[in-house]
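Listed next: structures, encoded as structure tokens.
Shared chain: subunit A. Partners: subunit B in the first complex, subunit C in the second.
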Partner chain A sequence: MPGGSLIAKQHFIFKGVEAMEHIGILEGRQKQIFEKKSGVEQVDISCDTSSLSGSVSQRACVFCGSRVVLYPVADALHLVHGPIGCAAYTWDIRGAVSSGPELHRLSFSTDLQEMDVIYGGEKKLYHSLIELIEQYKPKAAFIYSTCIVGLIGDDIEAVCRKVAKETGIPVLPVHSEGFKGTKKDGYKAACLALMKLIGTGSIENISKQSINILGEFNLAGEAWLIKAYYEKMGIEVVATLTGDGRIDAVRRAHGATLNVVQCSGSMTWLAKEMEEKYGIPYIRVSYFGIEDMSKSLYDVAKHFPDHPEIMEAAKEVVSEEVKKLYPQLQKFKKALTGKKAAIYVGGAFKTFSLIKALRSIGMSVVLAGSQTGNKDDYARLKEMCDEGTVIVDDSNPVELSKFILEKEADLLIGGVKERPIAFKLGIGFCDHNHERKIPLAGFIGMYNFALEVYQSVMSPVWQFAPRKGGSL
Partner chain B sequence: MLLRHTSTEVKEREGLTINPAKTCQPIGAMYAALGIHGCLPHSHGSQGCCSYHRSTLTRHYKEPVMAATSSFTEGASVFGGQANLLAAIETIFAVYDPDIIAVHSTCLSETIGDDLQQITRKANDDGKIPEGKHVIFASTPSFIGSHVTGYANMVAGMADQFTVSTGEKKNQINIIAGWMEPSDMREIKRISQELGVKIVLFPDTSDVLDAPMTGKHEFYPKGGTTVEELKSTGDSLSSLALGCISAEPAAIALEKKCKVPFETLDIPIGLSATDRFIMALSKAGSVTVPDTITADRGRLVDVMADMEQYLYGKKVALFGDPDQLIPLTEFLLDLNMKPVHIVSGTPGQRFEKRMHQILETRAPGTNFKNGIGADMFLLHQWMKNEPVDLLIGNTYGKYMARDEDVPFIRFGFPILDRIGHSYFPSVGYSGGLRLLEKILTAILDRQDRDALEEKFELVM
Partner chain C sequence: MKHAKTATQNACKLCNPLGACLAFRGIENCVPFLHGSQGCATYIRRYLISHYKEPIDIASSNFHEESAVFGGSHNLQVGLKNVTEQYKPDVIGIATTCLTETIGDDVPLILRDYKKAHKNGSPMPIMIHASTPSYQGSHIDGFHAAVRATVKTLAEKGEEQNLINLFPNMVSPADLRYLKEIFREFEVPCMMLPDYSQTMDGGPWGEYHRIPPGGTPASAIVNAGSARASIEFGSTLEASKSAAGYLQEEFDVPRYQLSLPIGIKESDKFFSLLETLTGKKRAEKYEDERRRLIDAYADGHKYIFEKKVILYGEEDLVVAMTAFLSEIGMTPVLCASGGKSGLLKKRIMELVPNMEELGIKVREGVDFVDIEDEAKVLQPDFLIGNSKGYTMSRKNNIPMLRLGFPIHDRFGGQRMHHLGYRGTQELFDRIVNTVIEERQNASSIGYTYM
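After this line comes the complex of A and B, so read on.
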């Protein structure tokens, strides 16, 4: 339900935290912003809430969450059941690379019309599915419900069951009606669909030293890098969920010994379910930055104490990679030392890694925020951040611009909607969301990240631009 | 071969769209609303809609795009979105302080039956709209029409809800912009000035979505038709609606409300459509066409003559939005090229009729289809059955162009992978020259690439 809506234009006091003046922060949003200061009462940041009605939020919906998680499954049919927009806007927007089939890069929609809204869209859905499965011969089909499907009462489950029976492939409904929560709920809906697949394949011949990689979407080929590290350690990767994903691999995922979860927001739920149902433990990792990347290899190795050779191999991978990488980073570090960064990304877990990665190239973080962080995430952020760092949940462009100017950031790390804001303010930008063009994960990813930050922050273009609020 | 699955056999499909040549209404409404100065578009629906539209517009323009959302939740969709919208209106005026909020609906709010007129009236009655501020709205259900329909509805909303006729005529002409780029709107204003006709152009996204870098993030950039200008359209001598689908509904609304007579023209893309526009505008403003404009025209015709040998009979496939495709098809025919496949996802008989008029004598065999089933999958099938020399359309055409190895010109919405559309116009004679340059470059580059060594020519 809509929250409060009065403005506090000046000098509002934020529970003992010093006033942040001249703002224009929505009153209902005060609890979603925090500035780390010494000697003041530490308050909990408020998160996991829906956005205020009327805010220019950078967030998306349930459908978006489901779509981004399942999208990389390349040999599945992804049919969006609804009016055309939801399919049009998610057509090949995510650079989730496939090494084989590319069915996921096409756009399929039931393109619901007024009559369908009145009389229901089940028939159309049924026929669309039959036509598509006949033509494209996918290994499975995901059917995404959009907002109005939830309202007009189509029995998607029944249609899916019927089509599955007739075609012999799994046809999985994804309950991703946009209004039924936040993007996080969409992740969960996607995981529910995946859970139905997991456990349906044969787990014969899977090694005891095996893992699933969860929450890695193979943007710019990142999953391939990560997989290669683990394989060098002698670990078998059973399934990658969902980067370069294949239905058959998903079906065998319950045969792995350990789940390794990146992107905690989207996949922790699935890991927990698998732990409960199949007794597979999970660990949380991050592949960004030297520190976290190395840790993600060591943590997996630690899980196999009976095989000390795995840890040995992990150490070797790390030492080899770091030896190569470290000298390369020094040039960037020299140029970037003392520069300040603002981070506003989807998940909070990524923010932790980015802070460390930025520190390793001499940069400090003055603003850290996420769209979907939870309480624990923000508590940890507070611990990690330097004094004076502003922490925000579900921010908007006004706030972001304000803090970037006030804190004199030189770089913004964000996604598509944040990029032009950074450039208008005359500061560098690094896309750490869907539109990254080069791998930023892994050791080589750290080099790419440093290079990208360096290129953007040190670009000569800023010399020609009125910088930071209009002064040259 | 990303589109390796495209079959050559064209079958009737039962309500299934593959690779759409359209998107949904609300994004059009959002784009139109950005053409009002100091306006914050507002999406009355789930958060995702607003996010997707802003992202798509941002990718197309590489500019910040501001819009608010009602952030529907489960509660709102059971009990109605009135409370959300009322709260949103209050919040927006308090925090973002726009002159106007332009609310558009979504499939969700339409399906649950929210009545925007009633809700905005209530907002007004409850004193949630500050003195001198405005809220306008357009009903834009995603399950009817396309993004073009949404644009048309929002522009009609501007005409209908803003204009007042004071009874005193103003010596000015309204030009209602069909869906076009900020560069095109800028060019329309320049041409009018050159002609010496005082116009009010609406909407006008120039200086909004092509804003210079200032070191500031301007929440409301300096461009856009002002409230005063919009109000004054009711007193104008007449209106020219550029685009029978995206602009005419606003002209009709103005005529109905303020008795401003109108004429509907094609968007002035290419020679003939620009001729008609210049004639109509000079007539409406009672001015003679200055030599500078005549010279512009002469330059375009000059290049058409210079290069005619490279254009004759070249087969073109094109897709996009009806108001662009109509004059573009005509221009291709004027260039002696051969449009063979035309697809638009936007439904409507106006398009069919106009295309018939243009094609029936000059290119009767052309394949064209719009509305349901007219998607890029169909276009690709047609291209496989009858190959073309050139493909023109938005960025999504790049898959077909790559798979079929066909030269490709980006034109339309959205363009996500090239720049230029926001800065260089396609309308007017100079716009025609730019299109012609692009066409020639694409064709000649291909000829150079494929030429045998002995046939590789220096002078072309």
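After this line comes the complex of A and C, so read on.
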């Protein structure tokens, strides 16, 4: 299978201000964009910084980061402490499904009003919590602070302690004031809350051949697919953080032997903490595309060398799935060979997998970017990409569109904010963000992915698009 | 079971800045700019995109911790400069957020400083500032605040011209196109604000537009102060908060406030007002639309008579829909809104004086859990409102008819008509079909004629 390893290492050029000028890249943004060219020395991409004031970033805020990570915990109460917007915009927006309780799909807000801003929102928070816990009987409560909470001086910690004591459930503050950093800081705030739960449950009867699945959010049931593969290999999954998440499972997570981390951006910090505190090692994996999906299972199996039957089972799972999948993909590959894709998704790790997955169906990648990649991620991205590929960090619609048109992409992979950009320009689109309703992870996910790409790229509707000669 | 309710659960409203961003999208070559954290702009963009299916750029001053401590002046100024350079807008529509309102940023002062500092640079865009703290009111207040702020910034006194201002409220792009058409037919120039009929529902692009084509030009808004009259839709909208109210007070432009023209009676009022103001008779095509609508009422009346409905949404929409449902023999057993003007019941009573006799109940400031509790008692035949009622619709097995904003789970919300005879016709057909479909599905026989 063609993959990143087959691509010769190349060097990069910092494209420079003059080349960027015509598309109006903002001052201070040039360092977040590269075009891969051969024979020129490597320059570091600037990333991990906050968005520039006045730019129209595709990024979000600290609160968003926390909300994303904790959202799938289905038996917890998620109370957003602040004015109504933050809760309203995150009501049931993700495709994270639950096999049982669905408390995460409701939206709770203290809906702070002017008087609360003046006199403080602690009382309102306290009463809200007591009433909601009484009504919904959650296993725990997460309290998200939004922008103004810190400013008005509410002592969330104290309220949480008091309510925890009175109700007997964990009540965990999540310090996610929107402006206090980037989305990544929000991930960390969420992980801090999770760390408070981990270690509080009994780890009796947990098998030695056990793992936690980290950074898998069960969008469209993806965690179930992944879990089934591991279970076929004879591995016990102690907790999934946080897809189809349950508080009791989170509490027992320290009983697992290995942490398997997907979505590197959100959960690596937690994995490191668990390594330090509980001595649980972690590996990073990706479940997108045949190559990375298979590798994930093998990497986990490798961790249990005393149990060769696990590796045997992993091989069996892979061979069985690939045998089914491979012929099905050929129709798509035939149609899509030579088509070009642009990728702009949240995490860099996902970008790596998507590049490989696209190659396996005959497509090349002409633009690759992420909202939250770090230096190592971008170095690896550069290594993987073909010559001429544009690499961007924290991009915006203007930039994205210019590159997409310049590079004549046939497909954009992104989230809901990128979708209308693609469609306006008459380009196919695949939604690879948290709103998706079809599983794209796992082996079956690769089929769905190929199908979706095929359906969008091959649609005859693009014949009317201006870029194909249609009238404006 | 009734529960004590301090928290808002499944809100039936959105926050103030969202409405402002939408309104600013209805000004030509204007960039909405949120003074606050990055998340506000991103969430609002996402929310609007899911309804309108259009790219929506909203700039942000991207607050950081230092900005919250030392004030957001620096961030706002850098942001304005960057937006000016990259977007070359005619107008920047600045809306505040809960964060910047709470730290007390004096935006007008910052804007004055900015203008002073950059007066020798390239042409300065017009800057409009709307104060939209999320802890006050809801999205509809932000919408009106932005429209009023726009008029306040731009309108000038001048010799009275043959011009009518139209402030249409938060209606669909299709409605806006219909309203423009009506004014064209009356052959009277109209300054409609906002006009996002094209910016939020436009055609394909050959290249990315930083700002999509369409919208009311700033130069046209200048004339609002010399118009003959302003027509403003929205029965709970007070003059002190509205654009037409400002123009009346400042420039003596008479303000004609109407309910959103939904249903025959309210549409008649709108067309009659236009006839009075222009001295012209409405075009024959609108008489035809009206005749067809009355004919449709007759054809469909039996399906819907005394059907019980729970209506929810922005207050003005709820008032107008209540009037419409009453004239076709349906009973809105609950008229609910997340908004809280204090005027909802009063305005409904003005249009439907026998509301109590009809069993119409009105509740302001509610969320979907309140509405659900009511539904359990009231046993409505269906729900009418935006997509956000779906959770309770599904849970309680009550059919629903989608209208207004947002429509996140159906296609074409931006092209849905609500206003005038044409919009009423569309609504009426959909309502009747909702009932018929329910009946057909529920029947064990599977009638092929209904």
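Following the convention adopted for this analysis, the second predicted complex is superposed on the first by the 447 of 472 C-alpha atoms of A that agree within 3 Å, B and C clash if a C-alpha of one lies under 4 Å from a C-alpha of the other, contacts with A are read in each partner's own complex, and residues count from 1 in each chain.
In this section, a residue touches a chain if its C-beta (ideal position, glycine included) is under 8 Å from a C-beta of that chain, and two chains touch if they have at least 3 such contacts.
These numbers come from a predicted model, not from an experiment.
Under the clash rule set out above, the superposition-derived model of subunit A with subunit B and subunit C contains a clash between the two partners. Judged by the touch definition given at the top, the superposed model places A:421 against both subunit B and subunit C. In the superposition on chain A, contact of A:74 is made with neither subunit B nor subunit C.
Contacts of A:128 after superposition on the shared chain: both subunit B and subunit C are touched.
With both structures placed on the common chain, the touch criterion links A:96 to neither subunit B nor subunit C.
Legend: residue contacts after superposition of the two complexes on their common chain; A:226 is shown touching neither subunit B nor subunit C.
In the superposed pair of complexes, A:163 makes contact with neither subunit B nor subunit C.
Legend: residue contacts after superposition of the two complexes on their common chain; A:293 is shown touching neither subunit B nor subunit C.
When both complexes are overlaid on chain A, the residue A:140 reaches neither subunit B nor subunit C.
Annotation: subunit A residues 24, 26, 50-64, 82-91, 93, 105-114, 116-117, 124, 127-128, 131-132, 135, 146-148, 150-152, 178-181, 397-398, 401, 416-417, 419-421, 423-426, 465-467, 470 touch subunit B in one complex and subunit C in the other.
Of all residues in subunit B, those touching subunit A in their complex are 2-3, 5, 7, 13-20, 22-27, 40, 42, 45-56, 58-59, 61-77, 83-92, 94-96, 106-108, 111-112, 141-144, 146, 211, 213-219, 345, 372, 396.
For subunit C in complex with subunit A, the residues that touch the partner chain are 3-11, 13-18, 33, 36-47, 49-50, 53-65, 67-68, 75-76, 78-83, 85-86, 97-99, 102-103, 133-136, 138, 203-208, 210, 388, 391.
Per the touch definition, subunit A reaches subunit C in the complex via residues 24, 26-27, 50-64, 79, 82-93, 105-114, 116-117, 124, 127-128, 131-132, 134-135, 146-148, 150-152, 178-181, 396-398, 400-402, 405, 416-417, 419-421, 423-426, 464-467, 470, 472.
Within the complex formed with subunit B, the subunit A residues making contact are 1-3, 5-7, 24-26, 50-64, 82-91, 93, 102-103, 105-114, 116-117, 124, 127-128, 131-132, 135-136, 146-148, 150-152, 178-182, 397-398, 401, 416-417, 419-421, 423-426, 465-471.
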